[in-house]
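Multiple structures are listed underneath, in structure tokens.
Common to both upcoming complexes is chain A, partnered first by chain B, then by chain C.
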Partner chain A sequence: MNEIIQSIVGGLALGAEYALMALGFSLVFGILRVINFAHGAFYVVGGYFAYWVTHTLGMPYVVGVVVAVLGTAAIGYLFELFIVERRVDDHLATIVLTVGASLIGSAAMLALFGPQAVQFKAILTGSLHLGGVYVPHARLMTIVVAIAAVGAVYVLLYRTRLGNALRALTDDREMALAMGMRPKVLFPAAFGIATGLAGLTGALVTPQFSLAPFVGESVLSISFLTVILGGLGSLSGAVIAAVLVGLVQSFVGTYIGGSWASLILFSVILVVLVVRPSGLLGHRTVNA
Partner chain B sequence: MPETNNKMMPETTGRALQPGWNRLPWTVLLAPAITLVAVLASWLTPKLTADPFTLSFVPTVLVLLLASMHVWMLLRVDLLSFASPVFMAIGGYTLALVAMHQTTNAIALIIACFIIPAVIALPLGLVLLRLRGTYFALVTFVLAQVIVLVITIAKGPLGGSSGISGIPPAQLGDIQFGAAGDLVRYSSCVAAVGALVAAVVSVRWRRHFAAIEENEPLASSLGLRPWLFKTVAFVSAAGIAGLAGLILINQLGNANPDSFQPFSGVNHVASAVIGGPSIIGPAVGALILAWLTHEFASNAQYSQLLLGAALIGVVLFARRGITGLVRDAALLVWRRGHRAATPTGRPSAASGTWDTPAPRQAEASGAPETAATPLAERIRPGSEVVLQVSDLGKRFGGVAAVDGISFELRAGDVLGVIGPNGAGKTTLINMVSGAMRPSTGTVSLDGARLRSSSPYSMSRNGVARSYQQTSVFSSVTVRENLARGKAFSKRWIPDEELDRLLQITGLADRMDDRAGDMPYGLQKLLGLVLPLATAPKVVLLDEPAAGLEVSERPRVDDLVEWAIEQGTGVLIVEHDMDLMRRICPRLLVMDTGRELASGTPGDVLAKPEVVTAYLGVTEDDDAEELTGTAEPASRPVEHNEIVEVRSHE
Partner chain C sequence: MRTIQLKQVLSLAAAAALVSTMAACADASSSGTSRAGGACELKLGTLGPLTGAAADFGLSMQATAKFVANEANQKGGLQVGDKKCHVSVSSYDTGYTSAGAAEAANDFASKGIKFVIGPLGATELTGMKPVAARYGMLLDANGFGRDALEKKYPLVFHLGPGPYVWAGPIIDEAAKHFHFKNVTVIATDDESGDDIAIVNAQQFKKRGYNVTRQTYPRGTTDFSPIVSRLLQTDPDEIDFASSPAGDVGTMIKLLRGAGYKGVFSRLGGDSTAEITKVAGQSTMKNFFFYAPVDFDQPSVKKILPTFKKVTGMDATGIALGWIPGARALLDAISKAGTIDDTEKVAAQFRKEDLKDSLLGQGVWTGKEEFGVNQEMSWPFNIGLIQNGQGPTYKQLSPES
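Showing the complex of A and B:
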């Protein structure tokens, strides 16, 4: 019984982390219709920002997290403004551009910090002990931040003028342009917010997992999984799918083990993509 | 050579439709040629091939070359594939299993490592190729992860994560292709096979691929099956990647999931994109990638950094890759040298010997009687009903866009559909053309019920349509546009008939102009010629005159006249009342999805409800004036203009 509860709690925590990873990715696709292959690289860069601030400069972890968010947001903003924006209507070109950015990002980290995983110690230690179930404090914090971030993105998109403008651009770009909206301002902002979220995730999660130049690849895979499953561009879909993926991984990891969890998930993804390209929860109208 | 006759021949379309091997870049055969030269050179220079650097470097380049060719091939049909590791793994493990358990015959291995990935790709392609653009790229990326997981889990036959080791090298007679010069030679031969397949497929179907890449909806409306040619590209690209796996595993001597990292697909995409769409692009890209990897072997970060920067640079500043840059630079130099002779570097449009006064002018002076008798009165429809529409309806949610429309169209007849914007005219055309499934009612062609189906099968059945906006292959010449139509359509008209269409539209002396460079009117007319030239039983013209200058509009009359002479039934939606009155013996007026009136233009336009629907006013004098327009002689011109201006709001 305890094992089941432990699996559920572990799955939920994992799901929260995955939701955080997928949030920015989903946001970029939802608004710009761009598949950001550099999402994992931004996660890694965020992790290294936090690591550099806390370990090299010796400043508090909170400062590291803030620097990670602002730094990755700024890079993402500039990358969209000067590079992606020029080809934003060409789906294949944006994929290649973000692939290029991803290569550059991980190569830069490789050059600066070396190929080995760095010792990025978690600040929060210890765990919550509830009737035979253990939840590390760091994971609890991630869950809290994930819920807060999802809420913030929801408020941003549905309760603010910026959000209204962004959604209008997504719905009908030509009409929104005709009504005076400025994609040159809005798109970089959206991209910056999304990469800032990736950086935040990196700063929060890498102390628990590991921090090396190429860990972004698995983050990218996870983002693909959840976002495709939940429906490309659907925020609520991505969050629900992230929790589902977390639970599946947790249970399969406990009861079957090995690579089966990933294989099952990826196979489900393939079936979903082919049978229902808009995802389990996505709208039928999504059409890339 | 047929080309030599052309100087003697007058302007027949025989020349117009020459596929023109001279237009085909000679570079298509360069990649296989280079590989063959490499093979020969490796035989002639044993010292070089004994060099350990060459030994490891040549197979590496060849693996990259074939993997890039996989990506390159699919890019030709506008698909981005990260699946090169998938098919490399299938090829590599095929080699491992066949060589361990069946035979080490070098030729048999090549065949097996091509065929098996290709065969596996066939059902995969049937499923995956329904996706396009972003989704296809995502799926191939996911697939690359799945294959590694499958190998890792399949511990029994595939050895799991430790893989299969001790694979015997390929053999032919006494020669073992496992090391030294023999390894290089065998690898080169395998690469030559792959390059040859790529060259043959991409040359044989270059028109089909280029048309899919440029304007897939138009290509399929002319009768091309996009999925068929995407499958051809996908299957052959899978086989080519399989050969890359063969070279790799034959060189390593063991098969291991680590050799097929999912993210290596990114490198192959990079190499294909940097190389460019020319067929030697993958070779150039592979060489650059291999050089980068080798040059920075101990500092992988710099090669990766350069690769990333190169990718971004190419996408932003050199869409046609490095080969495109070189070609542009060469053209620039060449043009500078020849500026005095031919400024454009291409035969100019005027060099044709076409003798084309605008046909209407010729007719106006030479055949006044046709101008006097409007086409509408000369139409003698055949007896057979080609198109029968009964009680057709379409609901979008609660809104009935089309509601209970019925009509029939005989061979050689013209039916005009008019109505204010939003009346449901385009929805009607979409349903008749099979693009949209009706909510109620049926559409029958030659008595057989038509169901909503793909544009290419509609085209093959003899239903063609034109679009409100221009739809042509704008990056190529008019001649190539027509050549593509001929290549795609099973019903394409004979050259003499095409000649007439070209004379009618005035396109005859623009054959060598790039379609996208022509004025809008000519593009639009070309967009009408293409569907008409598929000899349809029924043609649906959606606002054929919209955007044409007034002087160009009579050309639409002539096109319709040509169509009814061929026995085609014409359904035309148009706001130009003058034109409609000239060419339509019958009009169907639609308003808010329903039929408001039908009959001869004179009767229909006299009805007050029609006037109300069109002008949105009910005053009697307005109605009278519109009624007056039924007689062209007494018609005040302004009202025609009013109708038109309103309809374009």
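Showing the complex of A and C:
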């Protein structure tokens, strides 16, 4: 029984991490219709921001996390404003631009910090042991932050004027423009929020695992997978899919073996997409 | 008459610059290991994962090549026949893949490179051997795969021995320091992981331990499910075989966080410094590993500052362990008197007396394991971290 509970807890922790990543990824697609292939690089840059602030400058970890969020948000804002915005309606161009940004981001970290993993000590160590079940404190923190972030993004999109404007631009850009909404202000803001979420995830998660210039590649692929499963552009779909992916990985990893996780996960996704080509909640939320 | 615009002039100038650069590149590539402008240049190729979780391996391989090249150049170049040849190094990032290593072979061929220090992983060696053979390249490789050396590839040599030589004696020595009964061997599910893990598991089993095998895909970043599965097997010793250093450090961190109190081992390429960097020294607690060199030996201590100066990185055990094999290759090239005829160099290489100031006396082995006597077997050590202290070293031999 303990193993099942452990797998559920592990799956939820994984799901929380994926949800944080997928949320930003989905936000950018939902509002700008841009698939941001630089999302993994922002995760890495966020990790390095936090590392630099805490280990090089010797400041508290919380400051590192805040700097990571603000730093990646600022870079994302400027990247959208000066580069993506010029080609925002050209899907192929935005793919190339974001892939390029990803390569530049990783290469910059490589040049600044070297190719090997840096020693990023986890601030929260130890685990919560309940019977035979253990939950590392750092993972608990990730779950709590993920819940808070999902809530904050929901409030932002559905309870604020900025959110209303962003959703209006998504639904009918021409009408929104006629109503006086300004995409040149709103799109960079949405992009910055999304990259800030990636930076937040990097700052929270990399001390638990490892921080090296190219760790964002696998994070990007799992985020992409999650938002496809949840339905591109659907925030609630992304969160549900993230938890589902986390649980599948956790149960397969625990009971069948790590090497089978990808095979089974992709098989599940294949079946879901055959039955629902737009993903779990794609249709409903994209057009909300 | 049309007026030539500034933009057109700039375009023409850029095109001319591009053409001349390409011509220069073509000229440089054709020089390869032969002479350019009358000077003699020996270009060594080296390859491996220079980025990613296994970067420690590739960077160490690159550092070995740079170090031995510098040694030769410090003496005014490598004496080849009546010429002194400058030794240079060309590196290639394989991403630790078979395809990457095959691409490296093609890249080296286009540069005229005929002598390669590497590759280092079993997967890479499998991918590179056929392509390298096509170009007549001589590989001074490391891969621990079960078919690393083959009769059909006579130009492939082994820089050092694999786990079938040293895993057994290291396990025997470790048993004197740590108490364990249930062993789980975990490695990546590709050839580079599998081949070493199988040998390690056999060596543990042969000595009466209960052994479980686990695998995971290369590129994994979140090891939580894998750690849960590892704990299910109830081990008191976990061997990471040749798993990338970053992965090992992460798993150790998570396993200790989950309350695992047993021993760890790494019977694969030595990356202890990198593993410790990721996991933290105190988290390692009890850990034993294959150590090609004893860092406490005066001959090793003496070389460390120069190594750092030349390569720009702190010496790793594997990098130092590969130096004698790389030196032996340069010596064979020198004695063969050619930087073009790899078969002649290979013939000389097989006759080399493997005596080195760093590791002592080595011997040619491999006949029993691979059917060809082209493996350089050097004295090796067990490295021990006990209660978070160390590492300390003890030299062992295949018979110990």
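The definition used in the following text is that the second predicted complex is superposed on the first by the 272 of 288 C-alpha atoms of A that agree within 3 Å, B and C clash if a C-alpha of one lies under 4 Å from a C-alpha of the other, contacts with A are read in each partner's own complex, and residues count from 1 in each chain.
As a convention for this text, a residue touches a chain if its C-beta (ideal position, glycine included) is under 8 Å from a C-beta of that chain, and two chains touch if they have at least 3 such contacts.
Quantities reported herein were computed from a predicted structural model and do not represent experimental measurements.
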item: Three-chain arrangement built on chain A, chain B and chain C clash or fit; value: clash
item: Partner chain in contact with A:212 - chain B first, chain C second, else both or neither; value: second
item: Which of chain B and chain C A:97 touches, first, second, both or neither; value: first
item: Which superposed partner A:274 touches (first chain B, second chain C, both, neither); value: first
item: Partner chain in contact with A:262 - chain B first, chain C second, else both or neither; value: both
item: First, second, both or neither for A:17, with chain B first and chain C second; value: second
item: Touching partner for A:254 - first (chain B), second (chain C), both, neither; value: second
item: First (chain B), second (chain C), both or neither touched by A:110; value: both
item: Residue range of chain C overlapping chain B upon superposition on chain A, of 40-48, 130-138 or 274-282; value: 130-138
item: Residues of chain A contacting chain B in one complex and chain C in the other; value: 110, 217, 258-259, 262
item: Chain A contact footprint on chain C (complex, rising order); value: 50-53, 55-56, 59, 189, 214-217, 219-226, 228-229, 232, 245-246, 249-250, 253-254, 257-259, 274, 277-278, 280
item: Interface residues, chain A side, partner chain B - complex; value: 33, 35, 37, 83, 86-87, 91-93, 95-97, 99-108, 110-111, 217, 221, 224, 228, 232, 258-260, 262-263, 266-267, 269-270, 273-274, 277, 288
item: For the chain B and chain A complex, residues of the former touching the latter; value: 75, 78, 80, 127-128, 130-135, 137-139, 141-143, 145-146, 149-150, 152-153, 262-263, 266, 269-270, 273, 299-302, 304-305, 307-312, 315-316
item: Residue ranges of chain A in contact with chain C within the complex; value: 3, 6-7, 10, 13-14, 17, 110, 115-119, 121-122, 125-127, 129, 134, 136, 139, 208-210, 212-215, 217-219, 249-255, 257-259, 261-262
